[in-house]
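Chain nomenclature is as follows: A, B, C and D, assigned in order of appearance, with residue numbering initiated at 1 for each chain independently.
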Amino acid sequence: MGNPMKIRAANKDGVTEVKVLVSHEMETGQRKDANGAIVPAWFITELVAKHGDKTVLSSEFGPSVSKNPYLAFKFKGGAKGDKITVSWKDNKGDSRSDEATIG
Amino acid sequence: MFHRFIRTLASAALLAAFASPALAQDSKVADELAKYREALADGNPADLLEVKGEGLWSEKRGPKKASLEQCDLGLGPGKLEGAYASLPRYFKDTGKVMDVESRLVHCMVTLQGFTVAEATRNWYSKPGTESDIEALVTFIGAKSNGKPINVPATHPEEAKMAKMGEYIFYRRSGPQDFSCSICHGQEGKRIRLQELGNLTTKDGSGTAMKTWPSYRVSQGAVWTMQRRLIDCMRQARWPEPNYLADSIIALETYLQKTATGTVMETPGIKR
Amino acid sequence: MKLKTSLVTTLALALSLPAFAQKAVEAPGGKFAKEAEQMFRTSFRADNPKYWMTRLEQDDTMKTCLQYRDNPPRPIGQKLERQNAATIRYPVDGKLIGDWKEGEKLAAVGTGGHIGFIQPDPAGRVRGGNCYACHELAKKEVAYGTIGPSLHHFGKIRGNAEEIVKYAYDKIYNSNAFTACTNMPRFGLHSWLTPEQITHIVAFLIDPESPVNKD
Amino acid sequence: MNNQRRTVLKSGSGAALLGMLAAAGIITPGMALADWNKAAFDAKSMADTLKALGAGSPADSKDVQVTGPDIAENGAVVPVGVASSLPNISMVAILIEKNPNALAATFTLPEGTEANVQTRVKMGQTSNIYALVKSDGKFFMATKEIKVTLGGCGG
């Protein structure tokens, strides 16, 4: 399930800016542990942001996105009080959704 | 000996004369580094941990199924605002000078019924293993945000601890002749590109202490002050101190005393 | 500590160590110094191997530098400098200038020698001089520290006279032979670098073909 | 998406099999990387990555900007952004030339979402970073070098 995301969304002059911080290890699959064994890759592959039912961004990540991924983007529309939902899936099949209100 | 000394001085002057083109380049490097740090400041992953710590604080846990809400961090049970900024301090109930982590562990033991071993097992996080202590300290630290550091060390035990911290700060040993002071006892120096605060002054110590706990991007984790100082000893190529060791609390007391008056800005984000 | 001031030491003080011109300061820890030493030594994990713990031992130089906060009175500093100068050893073949390319690598490597349980060095970790942590050297490396003076154009400025080469070697081998309680490690004394490795770093500083002396 | 699905199937890898299983409803979508463009993320070189993305040899464009510092204090977290004033941008990608796999992330932008995305990536060493955008069905690119510097105490 992972830990909750931190989502901030603010509307200014008809444009909504969304900033997302995700709690995830984003293990590359190239790092070795203390015993010299490769630590298996473990990373978010897909992240989708929705405004209400409408998808406003869909992303695909590789393992070179940083640990605890950060993402900021803007879309036209959105009003104070509207819901923004962000969902991710990782390569181990884990997933999580969180929502925030546009301020 | 003296002529060699003068020769060193002369060559230092010669080198100084060559320094100006480097300065122009340095200021460009400094600008770009400032840009890098600014870009990280908005969206500090430590914020994720702060939220988690808030939950852990009020959750009923341990054999006694109790929360930490009655934990006394020095300002009274459950009083968190400014508590981090006022630690380490002397606690009558234990007869010891304690920092935020040793006090937190004390509360986990006395209020929640954990053993010390259970409470400290994951005192720092590893990839795939989270640390409750990191989350709790991030939360507690943030509750001092905007408050001045206040460790005057007026109690005799606190004053003694600060003095012992000063001793450790200057103590050299190991295969590199290191002490804290060789890197952190001068003004305006840097190691590689990282500025080094002069921790013997209020300004230098304040700049350093006000931002901890901090998210370290090179480690992908929030570091508590215990972790920071234990790792300083690793970098000095010394053996590993115990978690919550008195020598670490002594260093913290010395640094917080020196930094007293500086307004907290935590959690920080650093290299 | 009473100073028997000669003209020479007065001049040296005025030129170099304004901080030292003040009255002697209290030794760190004050009356708790002994207790602090005891507390420090008992703060380490009991499962640290014995040979790791030897890294907490202090020689005369370390003890004295602690006592005087790295600014010993001149006569005491000079005594330490003489003691340290006496430790310097040279490569068997007597050649003090090695291969600057090897020296370039050693100057950049900052790893090695880390012990402890949280993040010890992996087996076979290369140990370097970590020169860039404190010094500017080749122009192309922008990430250099300023704890020590810039050594850019070291050879270009000073040439490669025997005296300069020996100075560079000696300084790296035992920095405290020149300035007691300097921040610079004593690389040769502690066998952190071998005499051969030191000759490579000397070459990196002196060789006209070295990037230190280009650009 | 169709284009990407085809790429995945063509790659003939384990993920493609998972994709087919997911499409057939045999395993739940949450378990599979049905749409994730494995071929593009697995590609090593810039050229192979561009090919897997169906971008060929994109033209350099002044109307595409890669933003980020010239120097990163640590390669584990490097802030980068892509912005463009080109019309009808449907896709943005970030590529790091010297990473083991060049592709870091792709973003599909529905109508109404601005071509202005910021994220943070890992860089193994100093490298050129490329921003790739798809505008009116055509690909354009811009680049910037980011220097990754070593840290203080050296590990």
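Criterion: a contact is a pair of C-beta atoms (placed from the backbone, for glycine too) under 8 Å apart; a residue touches a chain by one contact, two chains touch by 3 or more.
For clarity, every value in this text was computed on a predicted model and none was experimentally measured.
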Handout entry: Chain with minimal offset from the mean of all protein Cα atoms
Key = B
Exercise for the section: Between B-D and B-C, flag the pair that has more C-beta pairs in contact. Expected result: B-C
Problem - chain B and chain D, separation of their C-alpha mean positions in angstrom - result: 37
Exercise for the section: Provide the C-alpha centroid distance between chain B and chain C, rounded to the nearest whole angstrom. Expected result: 27
Problem - Between chain D and chain C, distance of the C-alpha-averaged centres to the nearest whole Å - result: 46
Exercise for the section: Round to the nearest whole Å and give the separation of the Cα centres of chain A and chain B. Expected result: 30
Exercise for the section: Any chance you could list the residues of chain C touching two or more other chains? Expected result: 114, 132-133, 142-143, 145
Exercise for the section: Quick one: which residues in chain B touch 2 or more of the other chains? Expected result: 29, 191-193, 217, 220, 235
Problem - Shared-contact residues (touching 2 or more other chains) in chain A - result: 66-67, 70, 72
Handout entry: chain B contact footprint on chain C (complex, rising order)
Key = 8, 12, 15-16, 28-33, 35-37, 39-40, 43-45, 48-49, 52-53, 55-58, 61-62, 65-66, 69-70, 78, 81, 113-119, 132-134, 136, 142-147, 149-150, 152-153, 157-158, 176, 178-179, 183, 185-186, 190-192
Handout entry: Sites on chain A touched by chain B in the complex
Key = 3-6, 19, 21, 23, 25, 27, 39, 66-68, 70, 72
Practice task
Going by the contact rule at the top, pick out the chain D residues touching chain B in the complex.
Solution key: 68-74, 76-79, 120, 149-153
Problem - chain D-touching residues of chain A, taken from the complex the two chains share - result: 15, 26, 28, 30, 45-46, 54-67, 69-77, 89, 91, 93, 95
Fill in the blank from the handout: Contacts from chain D onto chain A in the complex sit at residues 30-33, 35-37, 41, 76-79, 81, 96, 99-101, 103-110, 112-114, 116-123
